[in-house]
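One structure, pasted below without further comment.
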Amino acid sequence: MKPLNRLQMAWRVGQDIEDGMVVNLGLGMPVGVSDYVPQDFDVVVQSENGIIGVGPLASANAADSDLVDAGSRKVTLRAGATIIDSAASFAMIRGGHIDVTILGAFEVASNGDLANWDNRIPDKGPLVGGAMDLAASAQAVWVMMEHNTRKGGPRLLEACTLPLTAVRCVKRVYTDIAVLSVMPQGFLVHEILPGISRVELQRRTGAPLAFAPDCKDLITPDIALPEA
Amino acid sequence: MAIEKRRATAAEAVAGIGDGATVMLSGFAGAGFANQLVAALLDLGPRNLTLVVNSATHRLSNTHELIAAGMVRKVICSAARGHDKSALSAFEVLYKEGKIELEVLPQGTFVESIRAAGAGIPAYFTPTAFGTDLAAGKEVRNFDGRDYVLEKSIPGDAALIRADVADRWGNLTFHHAQMNFGPAMATASKLVVAEVRAFSDTPIPPEQVMLSGVFVDRIFVAGA
Amino acid sequence: MAIEKRRATAAEAVAGIGDGATVMLSGFAGAGFANQLVAALLDLGPRNLTLVVNSATHRLSNTHELIAAGMVRKVICSAARGHDKSALSAFEVLYKEGKIELEVLPQGTFVESIRAAGAGIPAYFTPTAFGTDLAAGKEVRNFDGRDYVLEKSIPGDAALIRADVADRWGNLTFHHAQMNFGPAMATASKLVVAEVRAFSDTPIPPEQVMLSGVFVDRIFVAGA
Amino acid sequence: MKPLNRLQMAWRVGQDIEDGMVVNLGLGMPVGVSDYVPQDFDVVVQSENGIIGVGPLASANAADSDLVDAGSRKVTLRAGATIIDSAASFAMIRGGHIDVTILGAFEVASNGDLANWDNRIPDKGPLVGGAMDLAASAQAVWVMMEHNTRKGGPRLLEACTLPLTAVRCVKRVYTDIAVLSVMPQGFLVHEILPGISRVELQRRTGAPLAFAPDCKDLITPDIALPEA
């Protein structure tokens, strides 16, 4: 079975969003999660630029350059939304009022350390944005990322090699081949893509894995990526 | 004797911002840039500025023009590069050559430090960045079993912010996510200039005001 | 599956507030007291409460009834007596007898410490109270030639606040100076209950919301 | 000539309020100052409960129990007013955005120390309210008080005897018999009630006085107190 594509990964994360949650979705893959939250759920999507209740993307003729999310996407407001300033938005984040933030990452360590920002691009300045605040203070940090780097190296490690975003913060990791949680003892696998053995998964992971007693297949619907 | 905070031109609105000033610029994610005021600041041409701006490079702001003109000594921001992989920005060229000073802060620390300056708080502890490179050299303290970093306030000499409507008291409304850093920057700076879409001849109703005119010194009506 | 934060009675709205809880009560100068919720808390009868309330004695609040009922171990406030010279309040009787603990803070420190708890800040420096009895025993530090006092945040287990209109998301509007401590207390407490005049079946328009429903757990529609 | 009554003192302070100022007026005598600010001035009266732009007292039938100032007086809003929450209101105060606060006091020391709260009323708890924040952080602190206690003792002292509200904060003092400023060297007298000699004023003051070169008579209109 093929590894999940990014929409299937978003679908899988979406299954774990609960009604009434306040969520913050990072740039890139995570923003796609909102497409897979049941329509009748009252999920509040917080964007760190101050939108409390981000709705779907705006249609071309309804787009308003002042109604953007933190990723500069032109969005709409959901019913019940409001907008606050950045100081209030980060007070909300830092104060622990976000139930879950879903972030992309380069590396996650088995103690929950997260590395998802980089200041090592040659000649380019660092970019951190709001990730450190979100990672440090959301009630739960869920990471969505490919299980391995393009060169095949592990992203799940005993200790991060890249600059940290926050320490001991990650609770769950959703990859293209597995769903794991970060426990006091390290990574615990809950779901594995059919066709990948526990041995193979361990081989592709840079830290020891434990397997949940109810560890099961990672199954998603077929969701095609849009044409490039 | 009525208060009159309007200035007829953007040039008059930014007049007096001098060499060495710390200038705060609102705007994030494409919304809330006071670009006409920034253009007027470029014309005014003060040197050795410290810019307090979320992004040193956002393509919808003209912050980079101030940097390219050699007016900027230091940038305090949360994003020193854009998300795209295009050619180096003016900031990045100078940064690579070691000709511009950079202080990168987590965005929440960036704005809380601005808010703190406006609220009379010189320093505060935050959990953000503990254990990371951005906390290097900063004081750390444990409260109730959790580790925190001491961060200092960031006061400004001037703030150039974008808003929607102003009245003659300087009260402002903001349109959607245009608000972002504007209110905090206005509280933190000595001279606060707001570029607005429209001016209201009647007072903005009390419950619609989003930033009190107490914080706003000058208004420039720039249109949409 | 729609969010439903309304509770049919004040008793249901305060259910679960237990012994030893830190309870924040909004209200100042006669405006913004959630008196029906406070009455329900009196009926519920938890013991050993810590009250976080601006005044221990305001005649238009019924805070004093909780105190008179012996439910309160400690009061954190900026005013431990009223301005009038009337007979001793319930608080004052217990205070005189050494039967209630008191922490008095300058009002700005009181509310900033509440705001800090809601904003994830465990401690901050303030110029207020430096050199006075209220800074006794507190850490002092000089920043840029001025002296400041380190103050700790004040988190709450529950907040009982008064507002004007709520919608089903818990978004709130406030009527005039009714707002006072309500928003800060709502951010600082685990369980936030709002007593409101009216409920709106349609969402409060985004630009009219004064406190996001993210901070509000339960609504009790009390009427005017 | 009789010492000024509290309305004459308020009138005298009102003469020093400038157009465009943001002022906070303490409970008691200071709130009366707003009656003596020229009507065409755009003075913003801030009340620490969050009203930015307090207007005159409300008429009985327009009174709204939610539209009160920090002294529980039912007030109106001036044109251009807005209302903020207490955290924002004290952020405004602490951040130095109040041009002048006018406070009552028990004692003022020649170094500017202020004592205007008391926790020594027998059997009563202390009451501090917002005075410490205002005194510490307003751009200017002006005090209005009787020059002497009821027993005739001085309130202007070399060092306060009562608990301090804030250190080195008072800029000006308006009493019923004099107008003084607090200079690095101590009290400087600008105006004295006609009929009171410099010697007499010094005798009634607990700290050395200097007299401004342009020291002049303290003259106000006759303003009768309302019937009790």
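In this document, chain identifiers A, B, C and D correspond to the written order of the chains, with residue numbering beginning at 1 in each.
We take it that a residue touches a chain if its C-beta (ideal position, glycine included) is under 8 Å from a C-beta of that chain, and two chains touch if they have at least 3 such contacts.
Every value quoted in this text rests on a predicted model; they were computed, and no experiment measured them.
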Intersection of contact partners for subunit A and subunit D: B, C
Intersection of contact partners for subunit A and subunit C: B
Repeated interface matching A-C, over half of the contact pairs identical, chosen among A-B, B-D or C-D: B-D
Whole-Å gap separating subunit A and subunit B, where each centre is the average of the chain's CA atoms: 29
Computed distance of Cα centres, subunit C from subunit B, in Å: 33
Centre-to-centre distance between subunit D and subunit B (centres being mean Cα positions), rounded to whole Å: 35
Junction residues of subunit A, two or more chains touched: 83-84, 90-91, 93-94, 137
Residue numbers of subunit B (touch at least two other chains): 112, 115, 119-121, 126-127, 207
Graph class of chain-chain contacts, one of line, ring, star, complete, other: other
Inter-chain touch pairs (all): A-B, A-C, B-C, B-D, C-D
List of subunit D residues in touch with subunit C within their complex: 27, 47-51, 64-72, 83-87, 90-91, 93-94, 113, 119, 121, 123-133, 136-137, 163-167
List of subunit D residues in touch with subunit B within their complex: 19-20, 22, 38, 40-42, 44, 46, 52-53, 77, 79-84, 90-97, 137
Complex interface listing, subunit C residues touching subunit A: 1-3, 115, 117-121, 167-169, 171, 187-188, 203-204, 206-207, 209, 212-215
Touching residues on subunit C, where the partner in the complex is subunit D: 28-32, 56-57, 78-83, 88, 91-92, 95-96, 102, 104-109, 111-112, 114-115, 126-134, 174-184
Contacting residues of subunit C [partner subunit B, same complex]: 112, 116, 119-127, 141, 143-144, 146, 148, 152, 173, 207-208
